[in-house]
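Two complexes come next, and they have one chain in common, chain A, joined by chain B in the first and chain C in the second.
The block that comes next holds the complex of A and B.
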């Protein structure tokens, strides 16, 4: 999984039928915390389906592959096309010594 | 998945026979700086070759899925009974109409 910050949303009417109806969110991947403890965006941006109702500005974890399909409780998970999904909306995280 | 701009097409004569007729596109993933209105950082111009059965064209923005999702995504294109192992690991799963980043309106296609 990665830790990321929700920065926006993508709309596309032409999508594969099995992708799923969930919202497509743009998530900026967050790197390791710097000296000041702040996590800085790495520059990489991923698109993740969201079933949890994450909003812009919130920190989330994104899970990949089968993990994403497990989040999107479709009846036939192996047929779901999404390879990334919001797994958690994060309240807080820490690194190193408190 | 990731958001990318279609920048070209790729074609080949010699290939795994069941992939005959499957369209390949060259796409370039968006960097965070571009989505926020700036330019792409120097040196970040890696392309990704993806399969496309939705009919995306050069200049359009698309959402790409990797791995198992890509292999399942191209299934409608393949002859019935094709084994699930196939040499594809990236495919277009949506053609983007618009996207929005924070409060700024993003590029539309």
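The block that comes next holds the complex of A and C.
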């Protein structure tokens, strides 16, 4: 999983039946912490399914690959057409001082 | 999944038998999240009958072939949705 920042939402009425009805959110992968310790959004952006109700500006964890389906429809999820899903909405995080 | 734009269609006469009857489109990604795939195009299976110029969401990796009903398809990218609208946060949120 990675930490990401929700930056937008995508709508598409024509979608594969296996994609499911969940919201599609644009999530920017968070880069290394800057001088102030805050992680900033990188230019790498993933489209992730969301059934938790994440909003723009929130920090989330995204699980991807075949693990994404486990977030959405465990255990009968074999044919979910999704490789990224929001697993948690993050309240806070910390990293050890070097 | 990744966001991209359909830029063309691909035809092939000689192909793996699993790929018979599958329409293939060429997608130019808007954003990548996987540095291993840092190229300017992606060939994806299209079962939504997209047209050039449309923005699409493409599912990559193993889930891209479950749509087809069998793990053995030599496929790792499938068009999952055709985009109608995108809403972005404010510039401060997007950075």
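The working rule: the second predicted complex is superposed on the first by the 95 of 98 C-alpha atoms of A that agree within 3 Å, B and C clash if a C-alpha of one lies under 4 Å from a C-alpha of the other, contacts with A are read in each partner's own complex, and residues count from 1 in each chain.
To be clear about the criterion, a residue touches a chain if its C-beta (ideal position, glycine included) is under 8 Å from a C-beta of that chain, and two chains touch if they have at least 3 such contacts.
Please read all numbers here as calculations on a predicted model, not as lab measurements.
Superposition note: with chain A as the common reference, chain B and chain C are in steric clash.
Of the two partner chains, neither chain B nor chain C is touched by A:3.
Once chain A of one complex is fitted onto chain A of the other, the partner contacts of A:90 are absent, as it touches neither chain B nor chain C.
When the shared chain is aligned, chain B and chain C each come close enough to touch A:65. Once the two complexes are laid over each other on the shared chain, residue contacts for A:46 go to chain B and to chain C alike.
Common to the chain B and chain C contact sets on chain A are residues 7-16, 18-19, 24, 26, 28, 41, 43-49, 56-57, 65-66, 78-84.
Across the complex, chain B meets chain A through its residues 1-3, 29-33, 35, 41, 44, 54-55, 63, 65-70, 72-73, 93-102, 106. Interface residues of chain C facing chain A in the complex, by the touch rule stated above, are 1-3, 30-33, 35, 47-48, 56-57, 59-64, 66-67, 69, 78-89, 93-95.
Touching chain C in their complex are the following residues of chain A: 5-16, 18-19, 24, 26, 28-29, 40-41, 43-49, 56-57, 64-66, 68-69, 78-84. Those residues of chain A whose C-beta lies close enough to touch chain B in the complex are 7-16, 18-19, 24, 26, 28, 41-49, 56-57, 65-66, 78-84.
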